[in-house]
Amino acid sequence: MNSANYLYLSALLFTLGAVGVVVRRNAIVVFMCIELMLNAANLSFVTFSRINGNLDGQVVAFFTMVVAACEVVIGLAIIVTIYRSRRSASVDDASLLKR
Amino acid sequence: MTFTAPVLSYQLLSPILIVLGGALIGVLVEAFVSRKLRPIAQLSLTIGTLLLALFQVFTIRNSQSTTAAMGSVVIDGPAVLMQASILVISILAAFLIADTENFVPVAAAVPGSEDERRAIQSGQTLTEVFPLTLFAVSGMMIFPIATDLITLFVALEMLSLPLYLMAGLSRRRRLLSQESALKYFLLGAFSSAFFLFGAAYLYGYSGSVSFEGIRIAIAGGSGNDIILLIGIAFLSVGLLFKVGAVPFHAWSPDVYQGAPTPVTAFMAAATKVAAFGAMLRIFYTAFANAQWQWRPLLIVISIITMLFGSLVAIAQRDVKRMLAYSSIAHAGFLLAGVIALNKAGLEGSIFYLFAYGVATVGAFGVVTLVRDSTGEVTDLNRWAGLGKRSPWVATIFAGFLLAFAGIPLTSGFIGKFAIFSAAYEGGSKSIVIAGVLSSAIAAFFYIRVIVLMFFTDPQEDGTSVVIPSILTRATVVICFVVTIALGVFPSPLLDSIKTLAIFIR
Amino acid sequence: MFNTNSLVYLIGLPLFGATFLLLAGRKVDKWGHILATVLSGSAFIVGVDQFFQMANRAPEDRAITQVLFSWINVGTFNVDAALLLDQLSICFVLLITGVGTLIHIYSIAYMSHDENRRRFFAYLNLFIAAMLLLVLGNSYLNLYVGWEGVGLASYLLIGFWNQKPAYATASKKAFIANRVGDMGLSLAIMIAFATLGTVSFAGVAEKSHTASQGALTAIGIMLLVAATGKSAQFPLQAWLGDAMAGPTPVSALIHAATMVTAGVYLIVRSNFIFDAAPTAQLLVVIIGAITLMFGAIIGTAKDDIKKALAASTMSQIGYMVLASGLGPVGYAFAIMHLLTHGFFKAGMFLGAGSVMHGMDDEVNMRKFGGIRLFMPITFVTFGLGYLAILGVPPFAGFYSKDKIIETAFYSGGIKGILIGSVALLGAGITAFYMSRLMILTFMGTPRYTEDKNPHESSFLILLPMAILAIGSVASGFLLSHGNALVNWLSPLFEMTEETENEIMPPIVISSLALVFVAAGFALAWKMYARSAVSNTAPTDVSIFTKAARRDLFQDDFNEAVFMRPGQLLTKTLVSTDELLVDGTVRGIGKAAIGSGNLLRTTQTGFVRSYAALILIGAISLIAAIWVVTQ
Amino acid sequence: MNYLTTLMLLPILGAVLIALLPKSQGLFAKYAALVTTILVAVLTVVMAREFIRDSTDLQFVESYDWIKSFGIKFAVGIDGIALVLILMSVILTPIVILAGWNESEGGRWSVKTFYILILILEAMVIGVFAASDVFLFYVFFEAMLIPVYFLIGGYGSGARTAAAVKFLIYSLFGGLLMLASIIGLYVISGQQGDHTFDLQTLSTLQISSTTQNLLFLGFFIAFAIKAPLFPFHTWLPDAAAAGTPGTSVLLLGILDKVGTFGMIRYCLTLFPDATKTFTPVIIVFSVISILYGAFLAIGARDIKRLIAYTSISHFGFITLGIFAMTTQGHSGATLYMFNHGFSTAALFLVAGWMISRRGSSTISDFGGLQRITPVMAWSFFLAGMSSLALPGLSSFVSEFLVLVGTYTRYPAAAIIATFGIVLAALYILIPVQKALHGPTSPGNENLSDLNLREKIAIAPVMAAIVFLGFYPAPLLNVINPIAQHTIAQLGFTDPVPTNGGK
């Protein structure tokens, strides 16, 4: 199967993620969308690694997963504190800082 | 480039390792040292680590190696300079952070909740911030010396993640602080997704994750340009986000305002050095041969950034926000250094980064001093007549502002000159014109603040300047002295930069 | 006793007086005026000595030049501070110092009650010095210094009583009018330098042959402008009448005898230019003719004795200018009339002053009448001056004025007849208004109120008048006896033996003149001696009288054409500067702030909008790159 | 002996000394400042005596490396023009201090701060005239603004803050344009050899005409704002009206000269071709300035603003002379700078005394001063006379030289400019009549006349005005050689007598 399709898929996922970030309100969901984007990137890494015929891409993928995990930790921590103090996970509520 | 024996030259990596080690020890300190001793222990640990690292950097200042970590980092003049600047700035910032007044005792506690009150009463203070700082510093130190995409990405996250947390640690105005943390985190993660995606495409284009590989691939010109360009574009998004260039700047004002001022100082100064360090390396080495594609874009972005930052800063009523926008404008100026794409550009950028970083730390340091009963006063109108109340603080702050404005005999002027002459030499006169114009606009609001401090009579609203702690005072004074010194006798620094600032491949 | 560098003393003595009196302050109030008078007198003595030295030298080496120091020396523009004493300037030196000294003496008494007498004498000395510099300077630039110096002095003296707003305004008016003239002078100098490369009289005279007709004409016209300003000639005459605000001695010295004749001096001095520039010369004649009628007509309607005399001065100077426009033959006569006029007009002014003194400063002639009984000496001296100005033989005016009329007629063609008859008519009108003045003041029955008690003035006042009166009688004869003055001056001018086109023999002209004079006198006698004169000016008068009273609308004209538009322009520019020029600057500032406020609205505070911004940014980057690469 | 650096250091030392004094020692600060500035003046005179008149190259040259990596040197050296202007500055400064003895009180800050600022300013001014390194010049050019800014904003009156800001923004803007040009020069010098800012070297660069024009504009606009030339003048009246009389003297008398000085020293030397290109335009603007400034002065109600506007007119004459490109015009212009310094100083100081006594700067509030305060009135009158260039006073020589010099090359411009002398008479005599003449208007009855200190302060100015009117040679001899040199450098020769084209 033409590996280009994987690229299209990853691009699609990335776009979905990006759009999701912009349109969804719930912080968790937004965060998930970002994760989606990261994994889209991963997918293209792997695909390219296939195309280029070396393993660097796949190595990167592993790194990415780890990093993503760290991000989850930090992210959830922040989101939870916000939620506790505001009783809402809507990113639109957090808009005191402006102009 | 050939990979020789797969060994790590610890000597060259020692600065980074020291900082990392310090960070880890810091975690242990958090765990085991008694609450009483913690603050002092953490502080001395942090400062000690940083000083030691700085010393190490000094010892390796003349060594050059691409194989320090099997080709994933490079140690060369620029690397040394960047790391040194980052360390110096971090030390100064650490002094500010040491003033725990600014931090929430228990980050986890709900604002205004019972246990927060108790925590405050029991006089416990937050000290996690120190290890976090060290982690961030280590990330920053790797970021500009990384020579492959993996290291670059990891370093990016290493420096970002602690900052996300630190932004949320302000003792007062918790809600704002947490909000800023959230915004910083979400947008940061968002942009790093772009970064990663871009990285993927660069890898796809060149079949290598190392800058050298990418450079060769681009030079070779084989492969699909569109992929390359998407790669460059998305990678740039990640970097431009970090430096706060329009239109990827939106986070910075909010975060600068919401975060605890010492943290703001730290990230405003140090992050810029790291991010631009990385940017310079990538664009000067990896992307140099693709300049016809990316240069026009960066020129446009740089011009927009300068003007936007300066214009919006005029309309600000909050000191920290104003400084945020001014830092956006300066990001625009610094981009001129990237665009210059010549040695002068590199030298100028490095000088500018250091000078700007020091001045920024100093400026925010002053901000931490102006307070009323409820904490820092960042509303500009309440700074009126500061010159009467405490002439020295006002004068020093004015000094920083003049440096930002680029008035002769301050470091800012030399920096501006260096950067713009480099850009002009690089053939982009438009940047110089725009830079001059926006500098004029910028001068307008810096002067407005000076007028406010000196030519407006104070109204009695409890705004006062606290007697700074010895560390804060040291920071502010040192920053001021350096700012002036670099304006009057920049030669020593400039000369050493001239000799060191050569990227090796 | 004196050697050549005593030329410096000529100027130095009075200059020292002025400086000293001004700096010394009240301390020297007691004797300041004496010092001033002595200094002026000694300057006169120096002058006389110079005159005799000069007279004893052969005509060709009578002129002496004394270089003091190099004043301005830049590139090819070299001007020495140097003095030139020749046959022409000596005449003026004697006139200025002589009459000047007399008037110093007169003023001692006249100003005795004024608390600022010291300052007055300081100004007088300043004037003497400046005037001497004017006539002694050897280059146009040196002359310029004196030229504006006398302007300054006249400004100070006209405004001597400047606590009266009207007087202050009068002095300002005089200065401004003069400045307009000075503009002409400086332009003349510039043209001279640009075209001839020199500004000294000698240099210009020598180079004037090489210069083009046009350049010379331009210089000539500019010099004429200067002359009209200083000598109150049409169209810059308006200031002279108001200048009478100054103390009477000032009017006598500056605004009758000396300063106002500087224009004539300038033209005569520049004979080499005018001889070579017929157009300019013709203009000179026309200006002179116009002014002499202008002044004469105004004179007929004035009730203020000083203003009447001022008008007459204007008209008499018109004669001189006219004469000086008639080329070589005219110059001498112009100077001659200038000198005689210096005597009799100064004398009459002093007489008027004496009358005012006796009538506690009343100037309205309609409130005089029959004063001769109380002031016999004043009457006699004034009367002699009167006869002189009328040109009754053998008084001074007869010789000088007749010669001018003659020369005018002989200047040939229609022009000759035209200006000749103008001059003739002028003589008639002069006779009328002077007789009117004479009659209203001294003849007839008293019209003044009881509280006034006319009385003869003190010796110090009468002495100068007497001396001047003698001058008014004798000077004409002396100067013209055996063409004394003409021969004296002739070395200075290039006498061209022009064809004497005698349209009528001199004797006819003289008698014609006398007829006109008689007619004028008769009319005045009929109107003012035979019929009763009301002590208030009648209102039911002809439009001409009204016009004459309003100085032929000179001020109205200036206001309408210069002042009001000028003020309007000023107002407009002021508001332009405020709104347009400065407004633009402020506008830019506002624009910056406005756009700042506009742009900061992009900072909505919503994370998602920021994210959107980033997304858009990324997309546009891609798009842009795609564009760039295509 | 390194005169120039010493001259710059001396005031700095004085400033430091004063800074070390306790706040209470206001009076001592005054004397310290006075003594320092007098010392500087004396030293300058000593230096002037060693100046070699007929040489046209820089003298008392000193040069030290400052920022090697940019080829920036701390290089100073003066020619005749610079010497004359430095002389003017250092003579005026002590006079200003003496004349405005009490200006320093009642400001926002302490008395000593005032004198510290003044002394720093003096050092900067000497530097700006002496600098022979373009970068160094720029540094002084900009740094100079700061003390003035605080002098106006801190010790001025009325809308001082706004005026100070306006002044600073205007100047900074001009300065930044100049910076752009300087960067351009720097880069070009790098392309044609080593990077340098040495004036002589830069003047030998080969620059394409378009670039040269742009760079020229960068410099010229900066100077035109400083000078100020229409239409960049609107900051001046505000600043002059807001500042203390002393400050305004320094501003109009000295600082603004930097603009016209810069035109000669930099615009002409660095960009000969561009200069030729723009000369017609500049001539036009100069003439406009002359008349425009004069009319605004006539329309002015505030005496300080009036003087400011007259200066705009005078600066029109100066630029006219500079760009007439004749020896007379050039020498005249330089001499004009000197004389204008003194006549404006006289005018402003006396005006300042009048204002401080009357408590108002509105002309119509005065009246009949000649009778109450004769000495003050006379001083004002004489100053006014020199401002309208009365022959026999110093400014006449310079003004006439400018006019003559202009006429030989641009007759039309000269003729129009000549109208300025009539307008001058108006804008001087109108205030003279309103303030000095006429009946004593209420509020003026018991104004006191000048005291001894004020007399001592004004006397030398007046003396200079009169003396130089009769004997300008001492200055002209210094100015002429360099003026001729500059003209020759630009490839101009004075027009020869035309004989009107016969």
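Letters are used for the chains, namely A, B, C and D, taken in the order the chains are written, and counting of residues starts over at 1 for each.
In this text, a residue touches a chain if its C-beta (ideal position, glycine included) is under 8 Å from a C-beta of that chain, and two chains touch if they have at least 3 such contacts.
Note that the structure is a prediction, hence the values are computed from the model and not measured.
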Practice problem: Could you compare the number of C-beta pairs in contact for B-C with that for C-D and name the larger? | Solution: C-D
Practice problem: Work out the mean Cα position per chain and let me know which chain is farthest from chain D. | Solution: A
Quiz item: Which chain's mean C-alpha position is nearest the mean C-alpha position of the whole protein set?
Solution: D
Quiz item: Roughly how many whole angstrom separate the Cα centroids of chain B and chain C?
Solution: 80
Quiz prompt | Where chain A and chain D are represented by their mean Cα positions, the distance between them in whole Å | solution = 65
Quiz item: Just curious, how far off is chain D from chain C if you go by their C-alpha centres, in Å?
Solution: 37
Quiz item: If you average the CA atoms of chain B and of chain D, how far apart do the two points sit, in angstrom?
Solution: 44
Quiz prompt | Of all residues in chain D, the ones touching two or more other chains | solution = 169
Self-check item: Where chain B touches two or more other chains, by residue
Solution: 182-183, 186, 190, 194, 253-254, 444
Exercise. For chain A, jot down the residues that touch at least 2 other chains.
Key: 18, 21, 30, 91, 94-99
Self-check item: Chain pairs in mutual contact under the definition given at the outset
Solution: A-B, A-C, B-C, B-D, C-D
Self-check item: Complex contact set, residues of chain C against chain B
Solution: 589, 592-593, 595-597, 599-600, 602-603, 605, 607, 609-611, 613-614, 616-618, 621-622, 624-626, 628-629
Quiz item: So in the complex, which bits of chain B are touching chain C?
Solution: 182-183, 186-187, 190-191, 194, 225-226, 229-230, 232-234, 236-237, 240-241, 247-248, 250-251, 253-254, 292-294, 296-297, 300, 308, 311-316, 441, 444
Quiz item: If you look only at chain C, which of its residues touch chain D in the complex?
Solution: 22, 69-77, 81, 141, 144-145, 147-149, 152, 159, 162-165, 168-169, 172, 175-176, 179-180, 182-183, 186-187, 189-191, 193-198, 207, 210-216, 218, 569-571, 573-574, 577, 581-582, 585, 589
Quiz item: If you look only at chain A, which of its residues touch chain B in the complex?
Solution: 7, 10, 14, 17-18, 21, 27, 30-31, 34, 37-38, 40-42, 44-45, 47-49, 51-54, 56-57, 59-60, 63-64, 67, 70-71, 74-75, 77-79, 81-82, 84-86, 91, 94-99
Self-check item: chain B residues within the chain A interface of the complex
Solution: 107-108, 110-111, 149-150, 153-154, 157, 161, 164-165, 168, 174-176, 178-183, 185-186, 189-190, 192-194, 196-197, 199-201, 203-204, 207-209, 253-254, 257-258, 321
